[in-house]
Amino acid sequence: MKTKTLYIKDIKPGEKVSELFLVTEKNMAFSQKGAPYLNLRLKDRTGEVDGKIWENAVEWDKVFKKGDVIQTQGGAVSFKNSVQLSISSVRKVDDVDIDLSQYLPVAKENIDVMFSDLMAFVEQISSPYLKTLLYAFFHDEEIASLFKKAPAAKGFHHVYIGGLLEHTLSVIRLLDKIIQHYKGIDRDLLITGGILHDIGKIYEYSYDSIFDYSDQGRLVGHIVIGIEMLDAKIAVIEEFPKQLAMELRHLILSHHGTYEFGSPKRPKTLEALIVHHVDDLDAKINAFQEYIEGASDDDSNWTPFHKLFERFIYKG
Amino acid sequence: MKTKTLYIKDIKPGEKVSELFLVTEKNMAFSQKGAPYLNLRLKDRTGEVDGKIWENAVEWDKVFKKGDVIQTQGGAVSFKNSVQLSISSVRKVDDVDIDLSQYLPVAKENIDVMFSDLMAFVEQISSPYLKTLLYAFFHDEEIASLFKKAPAAKGFHHVYIGGLLEHTLSVIRLLDKIIQHYKGIDRDLLITGGILHDIGKIYEYSYDSIFDYSDQGRLVGHIVIGIEMLDAKIAVIEEFPKQLAMELRHLILSHHGTYEFGSPKRPKTLEALIVHHVDDLDAKINAFQEYIEGASDDDSNWTPFHKLFERFIYKG
Amino acid sequence: MKTKTLYIKDIKPGEKVSELFLVTEKNMAFSQKGAPYLNLRLKDRTGEVDGKIWENAVEWDKVFKKGDVIQTQGGAVSFKNSVQLSISSVRKVDDVDIDLSQYLPVAKENIDVMFSDLMAFVEQISSPYLKTLLYAFFHDEEIASLFKKAPAAKGFHHVYIGGLLEHTLSVIRLLDKIIQHYKGIDRDLLITGGILHDIGKIYEYSYDSIFDYSDQGRLVGHIVIGIEMLDAKIAVIEEFPKQLAMELRHLILSHHGTYEFGSPKRPKTLEALIVHHVDDLDAKINAFQEYIEGASDDDSNWTPFHKLFERFIYKG
Amino acid sequence: MKTKTLYIKDIKPGEKVSELFLVTEKNMAFSQKGAPYLNLRLKDRTGEVDGKIWENAVEWDKVFKKGDVIQTQGGAVSFKNSVQLSISSVRKVDDVDIDLSQYLPVAKENIDVMFSDLMAFVEQISSPYLKTLLYAFFHDEEIASLFKKAPAAKGFHHVYIGGLLEHTLSVIRLLDKIIQHYKGIDRDLLITGGILHDIGKIYEYSYDSIFDYSDQGRLVGHIVIGIEMLDAKIAVIEEFPKQLAMELRHLILSHHGTYEFGSPKRPKTLEALIVHHVDDLDAKINAFQEYIEGASDDDSNWTPFHKLFERFIYKG
Amino acid sequence: MKTKTLYIKDIKPGEKVSELFLVTEKNMAFSQKGAPYLNLRLKDRTGEVDGKIWENAVEWDKVFKKGDVIQTQGGAVSFKNSVQLSISSVRKVDDVDIDLSQYLPVAKENIDVMFSDLMAFVEQISSPYLKTLLYAFFHDEEIASLFKKAPAAKGFHHVYIGGLLEHTLSVIRLLDKIIQHYKGIDRDLLITGGILHDIGKIYEYSYDSIFDYSDQGRLVGHIVIGIEMLDAKIAVIEEFPKQLAMELRHLILSHHGTYEFGSPKRPKTLEALIVHHVDDLDAKINAFQEYIEGASDDDSNWTPFHKLFERFIYKG
Amino acid sequence: MKTKTLYIKDIKPGEKVSELFLVTEKNMAFSQKGAPYLNLRLKDRTGEVDGKIWENAVEWDKVFKKGDVIQTQGGAVSFKNSVQLSISSVRKVDDVDIDLSQYLPVAKENIDVMFSDLMAFVEQISSPYLKTLLYAFFHDEEIASLFKKAPAAKGFHHVYIGGLLEHTLSVIRLLDKIIQHYKGIDRDLLITGGILHDIGKIYEYSYDSIFDYSDQGRLVGHIVIGIEMLDAKIAVIEEFPKQLAMELRHLILSHHGTYEFGSPKRPKTLEALIVHHVDDLDAKINAFQEYIEGASDDDSNWTPFHKLFERFIYKG
């Protein structure tokens, strides 16, 4: 296992940089004299940096591709107030030598702690059917392992290893507070729905190197994948109540709230309504906070324009 | 089994009418002197007619409810250029004595003929996996029986017993023509997709008496019910190819074409694109034709305003 | 002060009813013989009931108008499974004799308790400017008195005396939970924003008898009325920080979240984002619960169609 | 020619009414005893009134139909604060005896004066091609005659005989003012466009008795009918400049401003932009004023809800 | 007539290239030392390629312009996995020497065969009026000649010489199948409508060199141009039935289906409904297939993002 | 005060240019050899020009920033048919030496003349309350001074010093014509509303150097800022009529016409309706004219694509 010693956020202009990076973009460009050079975008868990290979670009181009981890030789320079790497040689790193958590952003909270906090919520479920169902999910090693790793989105909120878990835990903690606040809410259904609402995301994305959609992510999507996973687990629980199954399905199906956001049904139960709103709130707060944090070193009162929110955000 | 002898479309003002009807609406009204009377909407497979019970309305009200089949005594009168029944007595008919096909509209084509036409398409499927899948659906007695009976919608198109089968058969016949017309279409996938695109509707509606949505129809909907049925059938077919399953799922999921119409994914394969368009075309042609036919005795060039199409339709 | 002894929810068919009601609708109708009669809609805090005046309708029509409280003589009958009043004589009640809380629905929780709970939140504000501001609002007798009385809406959620206070308190209790959950939120701004977000509603509605919009409610609306009230209070606080005032204005302006719902600005700060979502959630939960409760005696699994939500709601 | 002596706005309850009316609605209704009666809606240029035929309704029903002018015998009564006619006998009036201007609302300004004001604008056109074109339209007797008569809409604005002329004249007067205000506007094109923008409406509606759409109004619409009329006239003018024709077509095609309102092209020239806006403004001002005037005897500050504007309008 | 010998798809890096190309883009750029060079986009019927003129760019710039066909001297190099031309000298080719079919993409099927297939459909029309009408169109040499050449769109579907003809033929072949499938369709009207639905496109685009909109294409658009052409042809056919003309107009006007897509009327007849749907289906299938084909050498399962469809398309 | 002698529109390639410019963009770029250079966008009131600093870019970069006025040394060259400056040295100019009217575009009409024309309208107001109100605005030196300077928008229409005043004056001149045209309009309210409708824009933008939004522009917006300014002025006028204040508020609030464009209320009075339409018309005419003028030296019949109008505009 290769280990990084210098992370992107710590690179200073003028330093020699002999380090490991994940390649997220690679394009050939050329000068007006026809001299080709390579434009790279390099990433580790602390950020991204541009890299240039000025010499022998055509040869180096064949050595590695987008999505690879590479070992580079070269130095850091400064342009446009940013650090940039000028790279003289490259070597592709074998997959077996890669510790992805060094290259991809990871949740700030400890993943195992978050997972056991989640399991504590599972323990509080009263309904034996729902508790059995949740065990069936999280005692399934593949599911548990992917659930600890998946991001919650490709580019909007919680875009990091452990992001899905962090988002899910945040949602159910909020749901838990809301249950105490209103009367007449079915706690078991609400918490179970909160835990499972995004479960299909573990198969919607690929996150072994660069985050992207999987084929089934684009063709089926996490909402329906989640229903299929749910059905498969329910099928092996004896006498799982039909109405309970139906309400749980409805909650997952409708958690995007409106047709426009890909829910084939809109919330028609109190619990589905609440999960939709809390999911939306948690995603947007995280998106605001990450975007403001990412724009913290600019001296403007405003972030750059946020395309999904279609607005500038006030940093205050 | 009770048998109707006089159908609504044949009732003439002035006749005595001692006949069987399905009650689709029942409301108490009253005159300005406080005299109660019952307003009924009565139905058989040839149409609907208003009925009034002027005497002893409160007592008769207790004898039957909306959704029942009743035996009435009374006579036909004419108001507003329409026939209306003035009813003197009523008796509720036992469920065992009811032949629903006398009370609900039925497809014009013979249902068994249509079903065997559909099965002929199944026979033409080359892929053993898809053929096995379709057998699994239509050799399932519950599914086959419901599929022969379900309407294709509650109030837009093919709203009659056998309507789903008629619509499905019409769609695959059109698909069959389209395959001959374009290159590069996967026939097996397209025809199988056409056959199964609306399969979830057998559980979306209740159609034992008045057509309505089932609970799972409203909470889950036929698109996702269809996916669940598909998954259940695929699960017991050995080595069903994963990509084929995924493309079939996508085709069902996306057959409403846009998010606004409840598809959680929009068509991203050629076959999904085609099924969506042909489904839409067949539904709308049927809706136009039925609406024009239903307005045929009015002497205007135009139908009444159609709420879903948001327009008057020209009868020509 | 006249006191009701029999409330609408307790009236039984067959009883004599000599009682006080608020008139919410009054229309003249007539029989086919030209005999006029009056259709009334009568209300008290427990519900609404239809009333008919069959005799001397033209004369009785002149005695009272919509919005009056009347003393009726007559009896209760039953039609369409509902109670209806057949009224023989009417007397208008003088305004001074009316205790409105008998005629309009009121919050279930005690209003003074809720108000003092709200004031406890005010006490927890750290910023002297914001605390002074909130004192300026709630030590203003007119504001405090109206704030205890106003409904939160005319017909969607919290439509009862004390509804605005109940909704506001519910919102800030949720905000208080959310503050504990996320980092980096300005508690003082969030709670103050939560308290004041709907303050303009005290002048948006009229609620002295039937709930309706005021002229300025329709022409200006509670969002901008709220800003004007805020500006008036800030103007007399020395050295109130300009940026704080601006952020508070933004929070109130943007609390409907989108242009379509009447916010001239969409949330651009974290606190504005949160208040918008929590306000929306609390309103919708209340609307769901009230609608389900109002449909509780129907034996369907579903409420009637809800026009604003554009759906049937599942009662479970 | 039959002449009315008593107009609807002057009928008082208690009077005998032997008078001429246009029938705009006719429906059979019936009492709870099965006694049929006729509900009529009667119209003359001053307003509308309900009428009832209580006796021998079935026979009277055969004597006339919707759209006819009838001579009635009977008396006026008062219900719901409105006058209503109780009719004992009816006679259909022959078409040749009808002066439609007594039955349909007419523009307040004199139609011939307005038409000659319009022609004065035609005289001011400098371009010989455009002047010839406008002569071709208005020296065409059919067009001139229909143009003096047509309403500008079926139910939104200028809904009266002469309404199209009044609206057109108002639009070009405003355009004339705007030309003086801005530089670089092609006066001839703008005024000609203003005159012709709605010319297709003379064939979009039927207005010989009740205002309605014609078949081509619904199938083709006034925008394209206008283009066809324009092309027919241009075809017989020698050497009409092609670009001028194209810009005039564009102006007519785009005068509804957006696709949503039925324009197949949006304004792309300055003149088209201006005609669209002035047309829209004049239509809406007329609609506001007519609606406020129609609601003038209600004592509310507000009109009833206006469906097209989706709002209540403040009368002030 | 100059003839190409080497087509773009066959150019290999390293070859000398002395060849003819259509210039679709030309922009001056410059190095950081102020040295200007020309960026070209060059096209022939097999594809497009970038070209660079490094030396004497300012002088060469004056020799030709966008839309010209040029004779170049130079060589092919490889960058970014693409071929690029490095050009040393250029000569503009005279229009008379240009065979456009070498530079613009052309339909795969033979244009004359397609045209005679279309004429065979014309022969099958029973109505003498409609047959005369279609003769009037296609025996008009200008129309026939342009109809064989025009693309069906500028950038969405059938974007090649003969594309309009190919699309039209495909649409009527599908319509022909649909007629056999449903009852009650007017075959003559449907086929004639199918043939003429896009006829206005022959004047909507310019396609003598680079495909673009004509002025009347942008100001009037093919829908209304089509109506004008139709009217001109009908005007010289004696006793052409008015209703038939109106239904044909409606069919052309409404063939985009909704206002949003530029139809001033939505389909209100069965035939108009069908033509709209079949037109839409054929356009989208072609667009999908062309886009998938254009992305065939990429090894992803997905095409690049398609802007009009707003999605990635699955290549399978 | 430094004075420009050479304006951008007059610079010729080949000239030496030692001149003053406003810097609107500044970015570091670099050659393929790693040599940094500065890309500048320079502005004066006659237009904009690109500038390059090829030598010592890193040092020059520290000398000035975006928004500064600089004194440059260098020469003009020609690329892409445009003039470009090659700059050898730069000096930042002190704020006190800057006459902004040399760097920012200014209204074509004289600002003081326009302002006194506006004041003449104020003098014509009959209502003493409204006249006092308008005095309160325009005798306020800060307001008057900013009102003479502010642009009417950041990038759509009247984007120049004095633009707000020019737009406002144009609107009220049109309103004045409209008053003469229709009956029943409250002249005082309409003209006052026209004068004040955009008054909040003086604080919505910053326009001391580059035009941009202020913080309160983004967080509060000119509509609500305008209301706050209005309230502050009304508060010190004795006995200002409440209803008049409310109608004026409504007029300002609703002048964008729809929710989508940021009005929290839509026009519900005749005067509000008219101001909205006239404001919209004047803004769009100016936007069309400025855009056509800006594209006048291109030889196409069409402007480039206009993003806000989403169309090409025909220059004719």
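Each chain gets a letter, A, B, C, D, E and F, in the order it is written, and its residues are counted from 1.
The rule is simple: a contact is a pair of C-beta atoms (placed from the backbone, for glycine too) under 8 Å apart; a residue touches a chain by one contact, two chains touch by 3 or more.
From a predicted model like this one, the values you see are computed outputs, not experimental measurements.
Asks: Please identify each chain that touches chain B as well as chain D.
Replies: Chains in contact with chain B as well as chain D: C, E.
Asks: To reach chain F from chain E by way of touching chains, what is the minimum number of steps?
Replies: Minimal hop count between chain E and chain F: 1.
Asks: For chain B versus chain E, which are copies of one sequence, does the interface use mostly the same residue numbers on each side, meaning over half shared, or is it different?
Replies: same
Asks: If we define chain centres by averaging CA atoms, which chain lands farthest from chain E? Would you check?
Replies: Chain centre farthest from chain E's centre: C.
Asks: To lay chain A over its twin chain C by CA atoms, how big a turn is needed, in degrees to the nearest 5?
Replies: My answer is 180 degrees for the C-alpha fit.
Asks: Where the centres are mean C-alpha positions, what is the separation of chain B from chain F, in Å?
Replies: Those two chain centres are 61 Å apart.
Asks: Measuring from the mean C-alpha position of chain B to the mean C-alpha position of chain C, what distance in angstrom results?
Replies: Whole-Å distance between the two chain centres: 43.
Asks: So which stretches of chain E touch two or more other chains?
Replies: 29-31, 215, 218-219, 243, 247, 250, 268-269, 312, 314
Asks: Let me know each pair of chains that touch one another.
Replies: Here the touching chain pairs work out to A-B, A-C, A-E, A-F, B-C, B-D, B-E, C-D, C-F, D-E, D-F, E-F.
Asks: Flag every residue of chain E that touches chain B in the complex, lowest number first.
Replies: Residues in contact with chain B: 170, 173-174, 177-178, 181-182, 184, 243, 247, 250, 266, 268-270, 273-274, 277-278, 280-281, 284-285, 288-289, 292, 311-314, 316.
Asks: Could you pull out which chain D residues touch chain B in their complex?
Replies: Answer in residue numbers: 27-34, 36, 215, 218-219.
Asks: Which residues of chain F touch chain C in their complex?
Replies: It comes out as residues 215-216, 218-221, 223-224, 227-228, 231-232, 235, 243, 246-247, 249-250, 253, 259-265, 268-269.
Asks: Please name which positions on chain E make contact with chain A in the complex.
Replies: Listed in rising order, the residues are 29-31, 35, 37, 52, 54, 77, 79-81, 86, 301-302, 312, 314.
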